[in-house]
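Below, each structure is written out as structure tokens.
Shared between the two complexes below is chain A, which pairs with chain B and chain C, respectively.
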Partner chain A sequence: MAQVMAQRFTGTPVKRAEDPRILTGRGRYVDDVTFPGMVHAAFVRSPLAHARVVSVDTSAAKAAPGVLAVYTGPEMEALIEPGPYGMAAMMNIWPPAHSLLATDKVRLVGDLVALVVAETRYLAEDAAELVEVEYDPLPAVMTAAQALDPESPLIFEDLGSNVLAGPKVTTYGDVDRVFARADRVVRATISQHRHQNVPMETRGAVVDYRKDSGEVEIWSANQGVALVATVLSARLGIPREKVRARAADVGGSFGLKIGAQREEVAIAAASRDLGRPVKWIEDRHEHLMAAGHAREETLEVEAAVTNDGDILGLKVGIVVDAGAYPGLGGMVTNIIEGMVPGPYKIDALSFSSTSVVTNKATYVAYRGPWAAETFVRERLVDLVARELGKDPLEIRRRNLARREDNRQMVTGRSLAGITAYESLEEVLGRIDLPAFRARQETARNEGRYLGFGVATYIEPAPGTRANGPLGAEQMRMELAEDGTVLVYTAQMPHGQSHETTLAQVVADNMGVPFEGVRILYGDSAVSPPGLTGGSRSATMAGGAALTTARLLRDKVLDVAAHLLEASRDDLRIENGSVLVAGVPARAMTLAEVVGALRQPGRLPEDVDTELKVENVYDGGTGGWSGGTHCAIVEVDLETGLVRIERYLVVEDCGEVINPAIVDGQIRGGVAQGIGAVLLERSAYDAEGNYLSSTFMDYLLPTSMEIPSIEVVHLEPVPLDPVVNFRGVGEGGMICTPAAVCNAIEDALAPFGVRVLEQHLPPARILELVGVIEPE
Partner chain B sequence: MAERTIELTVNGEARTVVVEDRTTLADALREQCHLTGTHLGCEHGVCGACTVLLDGEAVRSCLLFAVQAAGSEVTTIEGLSPADGSLTTVQEAFRECHGLQCGFCTPGFVVSVTAFLAENPTPTDEEIREALSGNLCRCTGYQGIIKAVRLAAERLQPANAT
Partner chain C sequence: MKLPPFAYFAPSTLEETLALLREHGDESKLLAGGQSLVPLLALRLARPSVLVDLGHVAGLDHLAAGEGSVTIGAMVTERRAERSEVVGAQLPLLAEAMPLIGHQAIRNRGTVGGSIAHADPSAELPAVAVALEAEMVAESAQRGRRTIPAESFFQGFFTTALEPDEVLVELRLPAGESRTGVAFEEAARRHGDFAMVGAAVVLRVESDRIADARIALAGVADTPLRRPEAERALRGEEVTAEAFEDAATAAARDLSPPSDLHGTAAYRRHLARVLVRRALVRAAQRLGVSP
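Now for the complex of A and B:
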């Protein structure tokens, strides 16, 4: 059993260490960083979705006031090495080869054509308007169906088709036998629509190349400085040690801001060329149009079911619209494939996948990038119930794996420790369903339409050891002169509150006050390599904090035993001081311990007096997060508006480090899921014009649409002897669209509506019930 | 582009700044007054991150030209914050209620809420939601923010003042 530590901070809603600076306007976001002599960049972007670039005339722009340089595609290529950028660099996705700025053609509205650098952003934008580009338009490939049509033009000639990955077919279990045994097969084609991360801070960077030393320093909005440095090093062709990537406060990301992206590589090249620091801050129009979009997938599914409601097996065929440039869209299907059985007892799966390129923004990671698996499965469960005339809850109860089953997913992942079934039962214990059904009936008679929906999911956060390598988390810790514990984490927080949560864990395991811990991050010169994402932080960084703090504590006690001439077993660290059992007068503060080590001769020579530790945490036993969400909605058939009357989350993320922060993560994810269903869509017209490039067109949820979200935590099930914190960042977003859509379908049941898509704005609701004609 | 010199009061201090006619108030505050707590989230007046007080009234500094603020009194998030580093009642309520995560939208919310509670010290929940609907937050789902406004309103009641 784990050593029992005094837990003063872990598990309590400690107020955030981040807040005082942010609340008083003293945060440091990338646009707040300036360098002496800094100049500003603006990009010329394509107004066409697909076209050959015939000529780019930069003469007028170069002559404009305050302009230092204008770079075309070929000029930029001469300054850099070829290769991938952003997340594609992490996954080494290359080819198809493509240039940084357009050389031969543009592939989406918003594609980069030229870069202008001027004394101010205003002047850079003025000059960008003077760049004359002649295009030879090509037909745009705007849908996956068009991309798969061999008659369509090629977006990348080198690729030979518009298929980026696949078709790939994998079979798990005996699919033929299971489908032959089924009483019936329920079929549906279910889609997710294109929408996007939309952090409140757009992307941006400041790059300072020093001609004297050949060193480059970049400050950017990102989720991990190490990958930024790696990409810049590769693309600029300079040694990794000469690149220092930094970040302080980052204004949200949700999967978007990974690595150095195209724009950041381009301004770094310009900084080196000009010998001046260059800043680029993306505007919202650029961001919505070209920073990256997510989620556009269509899934054809078949479920082999018995008349009693057992789901025996699935056939799933997915096509991902990966957008214009290679990114996550080429490989996200692998995660969807592994996860689609979820917490259900499904014995056979056939999964086929294809990713295609289109003339739209590149597919990027967005909070639970594989969420299609939950959406399609949880919709399908309800569709099966409807077809069999049964209650969707009964289908879930029959088919959910229970913890005591100790099953594996048919795709291979161990389901050890899952609490999906318990979460469903807990939801049902908190909702008076018979009373709701009675109220629903009465309301229907009055022409009001209420609906109830649930959805259940699990999330590898980080998953169990049996699922393969979890990735290791490095951490360094040392005692400063004043006794403060300095913690160098690989995490790059951008809303996750690691300055607070990691300090809570360290304080408890080191025996110091919360204020006695400083979390340091965001500097590739000193931060261990890593990334914040994938709901890994709680387990991996939390586990690293816990185990590293104990190593440092042990080192301090070794040294203190000599200094205090006491048995090590009689010592403990409490509230920042080393105490000797039974002899309160002989206590030493940690600052005194550090100070004593500076005096020569205080300790025998063979004692290690370096109060520093480096540690790698491997994830331990790991585990799942998961839960069940429940939505009660009312659909207004005059306006098509959906009002969420109640939203309940029953959730298991293991041992909670800070309940306020955990609940905040869940609520934020649920709000994004609600936005995805009711409001948000990254829309194009048939020619490839982008239609959602302002906040008047791309609607984010406001305080008017998001209800109070009730969050209940299940009693944690310990899997690991030491670390049972599990990630919680993505779950809210993964589960919500299915719960809301299931509730809407329930509300519209009198009209025989089947919800086969995720985006249900008012007009679509009215189409589904036949109030207005479909477009 | 022609420049002109304007005078205004920023956070109680008389300032003279040289701006182009097209320079937004937000850019003048950030770049010339070095008050970077005012954030730009959309630059088209929807997200509210750039909210400041202009003669006591909450405005979007991305939609105003600096020249329109000539002769006026501007208060930014830095000006609302006590000089000793402590937090105002509204700021403290945001902290206690976990009303912020990444924090990029936060200064705009704090300024808007401060103006709102000055105007309506005893808001209903519905009024709070409506008052917040002009500021976008992508992280919190608003629940902590709504709770913070309620708590701040309560603490700001004269009977509760310390």
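Now for the complex of A and C:
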């Protein structure tokens, strides 16, 4: 049956199904979930970065008003099974072994020392202040350099050092030959600073353990209920089928809210111990201090280049400051390694990596966790250009792989279908660069400093099949009595608008109105297992929605052919009704089709009348997302403040499901990238005190700081015969820091400034230019 | 981040308020909008056992022009002062500083007296009060009313001349004079943040010469800071770029500003010079005597 689907919804800015609920304050976030008899938790957290816990006296706290229980580290260990939590559980990182609440020592400011459960959160906080903890302070390990010093105190004794992973060295291509052939080697040490995921909704959970049945129900802010249930069952020692993990609306995450985390397991253990539902909602102070931080890496890079501007090969050495507890910090280097050549024709790479533990918050995934490779590479391209006295755009044009080259990265990844070069050309078609350069020159003569910067990236969202399996996205779909299509997705939307995008795809491929589709998620008892993350859902869930809807449609048509006594080839579903070609009067609504199936004898026995489909989508051919960002900035060299005059994104995420949602994803990511460069920093002092624990010190960009962001979508390059949606969750964040820093370096070019760090607050700008002395 | 336990009183008259303060004194805190105090309570950095809410006290929200001055009741919200025609016409320096305080939602709640009594050295209003040589009127049950000049009102970080049993009742701000130009300049990481440095300038020019200048800085010390040396350097000078530059340099000389996440001491010293110069230039431009 060759039938071309009418694309009524896919590709159009359908208004978000989520909006009426969320924008009127009727969303249901974890703090909106209550159970009868629910009590509240507060944690006693360490004020010290590194210390032995000598004693914990809970007697005064236990006697405080409204307190049900206070748990110390050893008391909590008796209630749980040791093992990893959160992201570490997903990656099965264990050892280094550690307790849930501190038993022997604390490893960061904000580490968990005791748990208080009381009738209200107020009373729990009051009692938490009464827990007397005696500490024996240890020297804090606050930098990667300190961690690498063999004399430094051990954070995990059983690791034997403070090195969590590595050093690991891998070589691709003939590095020695390429460096011998180079006219020169451009060297730089480039760092990303520690900053963090700051979702509007902090972490939190409500857990109800039922003594009667031995079942536990957890509602939490998370990116996938299946992993929550798996980790909780392992840590509580409860069969997986007795754990039901749920979530409704989740107010952002950006990679943070993975699995059941230490706090969530602790309150679950308390709920089981007390026989009462327990709620813990992380406050912003706890969140900024201890929920997890991201991005602290230093990369030493060497580029072998010719005098013409060809980049022949790279040597990269990375050290990741992974913070105190196992998270993504020990693994992220593997992704960085595979991605570092990016869309460039680089023939050789040597990559060495080391991850260390320090007395800081745990390194977690944050929107484009491997983004160090894009930042370093895109900075390096500009540094090469400056060293050669050439235009960075010329270096990019020379070295970017073209789609028709059909290359693969030297690390082995196929570059099929990339449009990096096209995106750069599109940017240059939209910016009058000669006019800008003239304006820049005039401004400089008036003491005003304008700068222009671009950066280019590609993102495996999900990547191409040639690079390995893309995964398996499960989806279940059925027709309800009223003709509504019920879609059970493995996705756990936390800002991605899946209730809208998946419904658009299903509506078009099923032939029903947008409102005739219900997207159901967030219940481990009924949702297929899965996770939202890694910019995978457009391809994986979008593809699952498309293919599953077509399977369901075919089943409906099989049945309808009997009911309507028509040839199946003459039938189609349109606007929720089965129509017979040329006989409009014989139409049946989908509700009538379902109703007819309930009547015995309407259909031959051998016809499958279950209008349900279970399907697994494997990602098809997959493909890259990518693009080029361009920033035009003005730096005030009296105050050091940077104003972004123009920001342009040209991007390719394949076939766009909903342009408004895609633009929103991009703009949000760009805002976070601008925040990273100009405002956001998770800062510690030398003793390990956390300095950014309120919004007075952790500065998020507001609408006042973010310019209007122009977004242009490239024509999609189809790689797959059926599904060409590609992810767009991370690209905005990945590319922006490099584009902004490149523009700032361009603005400061008259002073010979080289930007080797990502965070450029105003004082730092003036230090780089030499207006003030560094402290 | 839940508030610690405290007793809460919501008196409706000044007499009741003063009686409560007389009784609880040191143990009490006045709530005058709560834009600083409530976050401090939530972080448990402030631990008063008694909170006396001024929100229902009658007679603290007057705003009127008098003989050569404007009187602003302590509980006048920042937003009301910002929108007031009297402030716009008679207190141009205050009018210019107002929109820089936080965001509109904060100014809807925050009060003029609350900000003055909180005495954050980075805040705009204390610097404006010092530059304008305002007077603070305080009242206690035992000693009645007294007037405190701005210069001696601010004594240190979050510390004022107010006694524990006193309420700041009103501010008296000298109205703008003829041939006087004003400007408030600040540098903040984001719009609405506390200034890293702020500069308030009042400049009087007569017969093409600077007759008087007052300069106050925010964010560079434990109180708002007048810069008398820079002011002296300007008196009698012609309005020239050099005179302003010299005064700005003098204003920044010998400062020992704090160093924090948002800016080093060196950076704040530098900002002080830049912002004083910018404020002087703008104040002069308002008088039509561009340097």
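Quick note on the criterion: the second predicted complex is superposed on the first by the 772 of 775 C-alpha atoms of A that agree within 3 Å, B and C clash if a C-alpha of one lies under 4 Å from a C-alpha of the other, contacts with A are read in each partner's own complex, and residues count from 1 in each chain.
As a convention for this text, a contact is a pair of C-beta atoms (placed from the backbone, for glycine too) under 8 Å apart; a residue touches a chain by one contact, two chains touch by 3 or more.
The shown structure was predicted, so the numbers you read here are calculated from the model rather than taken from an experiment.
Contacts of A:Ala763 after superposition on the shared chain: chain C is touched, whereas chain B is not.
Of the two partner chains, chain C is the only one that A:Leu641 touches; chain B does not reach it. Once chain A of one complex is fitted onto chain A of the other, the partner contacts of A:Thr694 extend to both chain B and chain C.
Contacts of A:Pro460 after superposition on the shared chain: neither chain B nor chain C is touched. Once the two structures are superposed, chain B and chain C can be ranked by residues of chain A touched, with B on top.
Looking at the shared chain after the overlay, A:Thr702 reaches both chain B and chain C.
When the shared chain is aligned, no partner comes close enough to touch A:Gly110: not chain B, not chain C.
Of the two partner chains, chain B is the only one touched by A:Gln672; chain C is not. By the document's definition of touching, neither partner reaches A:Gly483: not chain B, not chain C.
Of the two partner chains placed by the overlay, chain B and chain C both lie in contact with A:Arg284.
In the superposition on chain A, the residues of chain A contacted by chain B and by chain C overlap at 122, 283-284, 694, 696, 702, 704.
By the touch criterion stated above, chain A contacts chain B in their complex at residues 13, 15-16, 18-20, 22-29, 31-32, 122, 198-202, 249-252, 254, 281, 283-284, 494-497, 660-661, 663-665, 667-672, 694-696, 700, 702-704, 706, 708-709.
Chain B meets chain A in the complex at residues 1, 20, 22-23, 30, 35-44, 46-47, 49, 76-78, 81, 85, 87, 91, 94-96, 98, 100-107, 110, 128-130, 132-133, 135-146.
By the touch criterion stated above, chain A contacts chain C in their complex at residues 121-122, 125-126, 129, 283-285, 638-641, 679, 681, 683, 691-692, 694, 696-697, 699, 701-702, 704-705, 761-763, 766, 771-775. For chain C in complex with chain A, the touching residues are 1-5, 39, 43-44, 187, 189-194, 196, 259, 261-267, 269-271, 274, 278.
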